[in-house]
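Input: structures, listed below.
Two complexes are shown next, each including chain A; its partner changes from chain B in the first to chain C in the second.
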Partner chain A sequence: MVTLTINGKLVRAREGEMLLDAIRREGIEIPATCQHEAVEPYGACRLCTVEITKADWGGWKNHVTSCLYPVQEGLIVSTHSEDVIRIRKTILDLFLARCPNAELIQNMAAEYGITRTSYEEVPDGNDCILCGLCTRVCDKMGFQAISTVGRGHGKEVAPPLGEAPPDCVGCLACAQICPTNYIKFTDDGTTRTIWGREFELVKCETTGQPTITKEFAAYLVKHRNIPEDYFTRCDSAHREELAKTMGRITHWGRQEEA
Partner chain B sequence: MCITSSRQLKQVRKEFLDGDARFEKKVMICCGTGCLANGAQEIVDEFDSILRKKRIKGFTIEAVRSTGCHGFCEQGPLVIIEPRGTFYTKVKVKDVADIIEKSIRSDEVIDKHLYTDPATKQKIERYPDVAFFSHQQRIALRNLGKIAPHNIKDYIANGGYQSLAKVLTTMTPDDVITEVSKSGLRGRGGGGFSAGRKWRSCADVESDTHYVICNGDEGDPGAFMDRSIMEGDPHSVLEGLAIAAYAVGAKEGFVYVRDEYPLAVVHMQKAIEDCRKEGLLGENIFETNFCFDVHIARGAGAFVCGESSALMKSVAGEVGEPRAKYVRSVVKGLHDQPTVLNNVETFANIPIIFEKGADWYAGIGTKKSTGTKVFSLVGKVRNTGLIEVPMGITLRQIIFDIGGGIIDDRPFKAVQTGGPSGGCLPESKLDLPVDFDSLTENGSMMGSGGMIVMDDRTCMVDVAKYFTDFLVKESCGKCVPCREGLYQLHKLLVKISEGRGEESDIDRMEQLSEVIVNASLCGLGQSGPNPLLSTLKYFRDEYTAHIRDKRCPAGVCRELITYNITDECTGCMACISACAYHAITGQKKKVHVIDQEKCTKCGACVAACRFNTIDVR
Partner chain C sequence: MNYRFVVKPELCIGCRTCELACSFAHSVNGKPGRSRIYPLGTGHKELWVPVVCLQCEDPACARSCLVDAITRNPETGAMDLDAERCVRCMACVAACPFGCSLHDANHQMVVKCDLCGGDPVCAHFCPTKALVLEPIVQQKKKKSA
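Moving on, here comes the complex of A and B:
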């Protein structure tokens, strides 16, 4: 265990834990859009920036992103210093110029007193905040069906070559993790469409309830040692389980590889 | 054959030099990318075809060497005749027969190929007397233009691989690191971090696997020192890399070369293969326990891929995006193993440090920035090209002594150093010593050694806009302050250059810059506002002129200038036909007039006017 100070209060945290987790445990709210427990920290939005110093740093301070900064003994953290608030406000202001209609950003900005961007709105802005959660979760599932393409201001999330992604199995992990609901899909109980592809759903042999897509089922049977008939049985609890954390499935895979 | 000792290296050297002693003269033809583009290969071929037909005493095609870049590309193709060092510029295929006849068969110097000093208008025969070369001190570039890069024996004949032999057979890894630290060598890729310290931190990490990587991404547009070294002296890089590998305990190394450098890839690859053949790479090098091999990794050509963590991802086959470096790459780098990454020029300095000693190296340059630095000098100077100078030399010496001053003797306005995220320094800083710390203290940086000289017709708002735009496009786009912040900075700069600027915009840009610097993930974002901040610092008046007076003092920003014909107009009508927009009217021998409604400010009339009577402001 290590001991550190957060906003003046002595706090204990587990070695190797990230600052953001320790901060949240204290009930302190700071915005963080690219962080999610299902995937590794990424450090893209910079909203979770906090100020750190140590008693022996001679007054020197640093700004770090708490989502991927490991806790350290004797660290003194301020989550809402003047500089940090200025950074956060500026980032939210910049975000609003690109994604003026994204509710998540609107709400976060409102908390910091911003309702309209003070910058020039980006002409072809949309709701994608480029948090990279979708591509990271897709990678983690083992599909790597979508990725970020391009660089600079024109970077976007897309399937390879902008075509229907051949490696996508229609699991919806990306759409479910997307914090701004930018990734659109349809599902009528028989077919599901996402990223311009159509998937047929497996149905429960007894109730006729849809479970998951055929491609996803085939993948899990092949790569994760799941019994072939597993998805032809409908069980609301087990379905809920599946939908809730896709990360678990990866976890099974890990054990299998180990 | 396998070279297994320093004695055998000496034997190779002796054989090579004995072979060379047959020749009364040698011809060095620059075959760097610049000279090749101007036909250097055809010149080599012409020598070959003439010498096949004609026998000359004490001279054969073997005495004709295709060398690496001399740095004076604008004068190329360059042909140098040794031992006198007669220096021929802008040589063409049709000149070769004449050169062989006059300057090789006899000792005649052909005046018309000689270089004319732009300041004194004197012809200069020998290249060491040319001002562009005489003020330089070549250490990293020591072999460029002197040896044939594809011939390992030529490198060995010039003392090559003796340092590696010495290091492997007489020094411990710890000694090696101490020596590099003592030399004071700092990384030449931009940050100026102590090489010795970096090697020490990596060597100290316990792990079965360590890696060494050479950064040859060189994403800085206009810079070509790393390319020239990899093309012109690849073995010095490999030797430096091998010494680093021994020091930190690496068995595998990579040279990361940007994809736009095909010749560098070919020469590096040839050098690696030759080393493997000679036993200088592979198992038990110099009959020691040291085993080391090198591979080439080809970069995708993105500026940001030169950043250390992005580069390592790219080498590992992932998307070249930087990651946060709260754990440093000397601890967790390539494949999460301890890794040393240094720049091409940094590695090229290593062998000579062991040849001549750390004290010798530390005696060059300044106390805190030892050694030399290679710059690519471009822009409005008379002599442009690749130069190597001791640290601590002043900007004035570089620009006026080596560069020969400003073209057409126009006034100097600024020099931009450090690549796209560097800064601009004004005339008052011309006597600044060029070293890592003073450049940074003055709002610019060393970067990889780009140096762009600007004259009075350069608009500093326009310059800031240009570089910011480059960075907006080259940012990897991962983090918000850099991706969105630089984009908005650029928008504000466009607004000002178009005459829509407001007084408050300067404050806004400064505040936004501060957040970009403090909150960005990697060095690109953290230094991204530099072009803006440095021009604001030294040329604030120019910003105010654009904003308050809606005027571009340098006459560059289209929306803020008008073209007018003065009373000195001779009425020659040249401009009338030059204007594609029919904006100029007038009669012969009467002063012409520009219709401001029709004028698009394309500048065609200025180019057409022989009497300099078109006023732009």
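Moving on, here comes the complex of A and C:
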């Protein structure tokens, strides 16, 4: 265990833990848009920036991304110092120039008193803040179907070569994790479309309810050892089935007693 | 683990009190969550089965989760689903052969029974004791060396 100071309060943290975790445990809210428990920290958005110093640093201060900075004995952390607020404002201001229509960015910026960017809006800006969560989660799930392409202003998330991604299984993890809902998909109960590709959904043999895509189910059968017939029914049909089976057993028990 | 959660369908009267208790016990921001337990009819007269996660030994839910959001809680023995880690791919919901990994559409979360951290609230409310926390009687022989 290490002991550090966060906003004037002494706190204990686990060795190797990131500053952001210790900060959140204290109930302190700071934005951390490119961070998600499912993936490793990445340090892309820099919104989680905090100020650090130590008693023997002679007044010298540093600003670090707390999602990537491991806790240290004797560290003195400020999450809302004047400098930190200024840095966060600048970042939000820049994000607002790139993604003027992203609700999440608008709301975060508004919390810091910014309603319009002071920079020039990127001409054909979109809602992607390039946090990399989508590509990271896709990699983590083992599909590696999408990646960031291009550089600078033209940088964007896309399947390789900008075509319908052959390795995508339509699990929607990327769309679910995207903090600005930039990744669009449609689902009409039979077909799911994402990244310009169509997927057929598995339908429950009993209720007709759609579950996951056929490709995703096939992947889980092949790589995660899930018996194929588990996917023939939806969750509610599975519960009914279990109730009937257990009911049958209990019924026999009753008859034997009688 | 000195206790285990036992479901006794022969005592269930289908009153659905457990369902309500579960829902409230798993409220999110003051709003009831989706119940993790479902007392269902069986096709036999006056026979209901409270369907709830079996906390399987080699669970399909955990196997299907590609981001390791479902893990065994060493203290309670339950398979706990970490909502912060879950990316809502619905693999576990589709894979559980008992339909006990659930989509809570109201809260946009995937949920399952966590045995309430070791003291299941439903068991406290079941009027007929069809749901009980029972001490485990040690009956394992010692391994010979």
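Rule of thumb we're sticking to: the second predicted complex is superposed on the first by the 235 of 258 C-alpha atoms of A that agree within 3 Å, B and C clash if a C-alpha of one lies under 4 Å from a C-alpha of the other, contacts with A are read in each partner's own complex, and residues count from 1 in each chain.
In the analysis below, contacts are C-beta pairs under 8 Å (C-beta built on N, C-alpha and C of every residue); 3 or more make two chains touch, one makes a residue touch a chain.
None of the values given here were measured: they were computed from a predicted structure.
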I'd like to know which partner A:214 touches here: chain B for first, chain C for second, both or neither.
neither
Original post:
Which partner does A:54 contact after superposing on A: first (chain B), second (chain C), both, neither?
Top reply: neither
Between chain B and chain C, whom does A:231 touch in the aligned arrangement: first, second, both, or neither? second
| With the two structures laid over each other on chain A, which partner does A:24 touch: chain B (first), chain C (second), both, or neither? | neither
| Is A:202 contacted by the first partner chain B, the second partner chain C, both or neither? | second
Quick check for you: in the superposed arrangement, does A:147 touch first (chain B), second (chain C), both or neither? first
Message: According to the stated criteria, A:37 is in contact with first (chain B), second (chain C), both, or neither; which is it?
response: second
Exercise. Please work out whether A:172 is in contact with chain B alone, chain C alone, both, or neither, and reply first, second, both or neither.
Key: second
Overlap of chain B and chain C contacts on chain A, residues none
In their shared complex, chain B is touched by residues of chain A numbered 42-47, 49, 63-65, 68-70, 83, 86-87, 90-91, 94-95, 97-98, 118-120, 122, 130, 132, 147-148, 150-155
Counting only contacts in the complex, chain A reaches chain C at residues 36-39, 137, 140-142, 171-173, 176-177, 202, 211-212, 216-217, 220, 224-227, 230-231, 233-244, 246-248, 250-251, 253-254
In the complex, the residues of chain C that touch chain A are 9-10, 38, 40-44, 47-49, 51, 60, 63-64, 66-67, 69, 82, 84-91, 93-103
Listed in rising order, the residues of chain B that touch chain A in the complex are 302, 304, 319, 323-324, 326, 472-481, 483-488, 491, 508, 511-512, 515, 518-521
